[in-house]
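Next come two complexes, and both contain chain A; in the first it sits with chain B, in the second with chain C.
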Partner chain A sequence: MAIAATTINILGIVFLSHAVYSAYEHSLLPSSSLPTPPSSILPHIIDPKINLPLDITLETLFSVFLLCVGVVLSSPELKPIQWNVWAGRLERSKEARVVKEVGVGGGNPYAVLEERPGFLDIRGRRKEFAGWVREGER
Partner chain B sequence: MANPLLEAPTNSSPATAIDLSQKASTFINSQSSWLSAIPYPLSLFINTESQEKWQTYENLFLACLRTGDDNTAYACLESLTNRFGKGNDRILGLQGLYKESTAKNDSELAEVLKEYEEILKNDPTIFSIRKRRAAVLRSMGRTSDAVTALTNLLDQSPTDAEAWSELADLYLMLGSYEQAIFCLEEVVLVMPNSWNMQARTGEVLYLSSEKLEGADQLRLLSESMRRYCRSLELCDDYLRGYYGLKLTTDRLLELLSTGKKSQQSSSDPVKGDLAPPSIDAVKKLNELATSKLTEIVRRSKSGEKGWDGYSEAEIIAARELLDRGTQKIER
Partner chain C sequence: MLDERELATRPIVQESVQHNARTVSNIRALTASLFGVAAGTLGLESFPGFIFYAVGTAVVSVLIFAFKAESNPKAYFWRPLQDLWAGDMFGGLMSFVLTWTLLYNLAKA
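This part shows the complex of A and B:
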């Protein structure tokens, strides 16, 4: 998917640059300095008063469309914004629980209510650890 | 990028604690580079501070205390004290932890306790020390003193969910279910989205319903079932929640099918009790819990991607519960 998105993006950029370059080259042609017939659809004020060939216009539109699709496809996966989905992911997978930096990542933020670091029974923990070591030696 | 140094070592297994404490000396050495020796005005240009650094120091301190590596723990504590000052609440708590764990006998521990009381006499608003004091009282076996200390603390700071939760645990230890449930309800009031505390409340309600009979039991069981439902509403695929839901609905089905009609009208709407759930609803919930538990056990056993987070013991327990259910049907 990532490769397809990148290809679409590159194609879009190439087409867009080509269209822009063609438009510029076309504007240098002596024929383009001729007065243009007034547009029949557009009002007088927003009439661009140039006569670009249709293929350049189409190419521009096509390249912009490609770029739009490519950018959407290459965006990172959306994060869950529903509480239960987010919480479910924390319970389900180890990967979602990884602590990336202080305050980012980590498992259930409410687990502290059951671990209670403020009331840590350090002596009990030490005894438990010593017991674990003794068991390992045996 | 995962950084094991940032994971709090308070509730991890002994193996991870020792892993962490073995990383301590390399970490401390890596921190003392020539950069920190630069004199005052120049040192302003160099940033050696980060949240991660101090979090790591604290985690290493706790891990070393747990594994009995007191010297390294002291080194960590000293760096923290130099950075944050002696009067910092959190540092005071950590210093207390160090003294507690290096106390050799009960009289030394009593000395630590006296020190805490001395600190609190000067400034009774240091909550880390008040919590430590309650914890020491508990570990010394003076449970009723610990309860008093905690109720005093909660009188002055009624939104402290951690303290409510600790008090609930103490009451549960003493067997006073009603008080424990009250405390857990307070926790849920302060943090209504905590799915594990909802499940915990359900567990305590279930436990206390076992002691009762008839209408009261039915009331507590349905309350417990509702708590589990809420925890599942807050968290998809919550193994503990589904386990509890299956347990309570199994029990409720037994009660509702054998119970008399008089039990149905026992709920008192004036007191805010809800009517017991209908058999159909309970049956549906039971089926849902069974199918979900089966799915979780299956997917976790097969090691599907993104389903590796459940603890081994919990999966085994869920499996046993499911097996018990199928045996009953076969009979």
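This part shows the complex of A and C:
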């Protein structure tokens, strides 16, 4: 998918540069500054008054459409916002199930609440803290 | 009040909402300047240019709907009408006008 999106983007950029350069070259012709005949169907206020040849107009529109598709395809995937869908996907995905540390990973968003260490070595912690305090006083 | 009940019974993931909003606004900013390039190259002036922008934004919305949201915007946007279709419609307007005027001057004048 990524390769396809990149290909579409590159094609779009090539077509767009070609179209813009063609439009520039056309604007150098002496006939390009002549006023365009008014459109017969559109009212005056929304008449686009394009005085480019039809092929350049079509190439511009086509390349921009191509680039839009490429940009949309190459952007990152959207994530589901409903909690049950999101958590279900998390539980099923391989990399999210790897337990990195206690309470993190395992594919369970509530793991931090469900898995807690049973006992704490409170004496060891106290000794550690006392050592830390003594270090600061010194 | 209704929203609160709805959120309590079916919670949403804030992180995903932010990720989606960011993705959509990135797409919009990029494509808006592309539409400016096209509008300037075609030499559109005043109303036709803005109509071109509106049509282009609608096309991009449809593309996001089809390719990114898998035709099911309810799963990816809290309020699809606001977050996908109508919202952010004018977010890219300034970059559109910027590239529109630039390319108009390059290709026309």
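Throughout what follows, the second predicted complex is superposed on the first by the 91 of 138 C-alpha atoms of A that agree within 3 Å, B and C clash if a C-alpha of one lies under 4 Å from a C-alpha of the other, contacts with A are read in each partner's own complex, and residues count from 1 in each chain.
One rule holds for everything that comes next: a contact is a pair of C-beta atoms (placed from the backbone, for glycine too) under 8 Å apart; a residue touches a chain by one contact, two chains touch by 3 or more.
Because the structure is a prediction, the values reported are computed rather than measured.
Novice: Looking at the overlay, does A:L120 come into contact with chain B only (first), chain C only (second), both, or neither?
Specialist: After superposition on chain A, A:L120 lies in contact with chain B alone.
Novice: For A:A19, decide between first (touching chain B), second (touching chain C), both and neither.
Specialist: Touch status of A:A19: second partner only.
Novice: A:L54 contacts which: chain B (first), chain C (second), both, neither?
Specialist: Neither partner.
Novice: Could you tell me if A:I3 is touching chain B, chain C, both of them or neither one (first, second, both, neither)?
Specialist: After superposition on chain A, A:I3 lies in contact with neither partner.
Novice: Let me test your reading of the model: by the given contact rule, A:E91 touches which partner, first (chain B), second (chain C), both or neither?
Specialist: A:E91: touches chain B, not chain C.
Novice: Please work out whether A:W83 is in contact with chain B alone, chain C alone, both, or neither, and reply first, second, both or neither.
Specialist: The answer is both, since A:W83 touches chain B and chain C.
Novice: Between chain B (first) and chain C (second), which, if any, makes contact with A:F129: first, second, both or neither?
Specialist: A:F129 sits against chain B, while chain C stays out of touch.
Novice: Check the residue A:I41 against both partner chains and state whether it touches chain B (first), chain C (second), both, or neither.
Specialist: neither
Novice: Please work out whether A:L28 is in contact with chain B alone, chain C alone, both, or neither, and reply first, second, both or neither.
Specialist: neither
Novice: Intersection of chain A residues contacting chain B with those contacting chain C?
Specialist: Residues 83-85 of chain A touch both chain B and chain C.
Novice: Looking at the complex, which residues from chain A come into contact with chain B?
Specialist: Touching chain B: residues 83-85, 87-103, 106, 108, 110-126, 128-130, 132-133 of chain A.
Novice: Please give the residue numbers of chain B that touch chain A in the complex, ascending.
Specialist: So the residues of chain B in touch with chain A come to 1-3, 6-8, 10-11, 14, 17-18, 51-52, 55, 62, 65-68, 93, 97, 100-101, 103, 109, 127-128, 131-132, 134-135, 138-139, 161-163, 165-166, 169, 187, 191, 193-197, 200, 233-239, 306-310.
Novice: Show me the residue ranges of chain A that touch chain C in the complex, using the header's touch definition.
Specialist: 16, 19-20, 23-24, 27, 45-52, 57, 60-61, 64-65, 67-69, 71-73, 75-86
Novice: Which positions of chain C touch chain A when the two form their complex?
Specialist: Within the complex, chain C contacts chain A at residues 10-13, 15-17, 19-20, 23, 26-27, 30-31, 34-35, 37-38, 41-45, 47-48, 51-52, 56, 59-60, 63-64, 67-69, 75-78, 103, 106-108.
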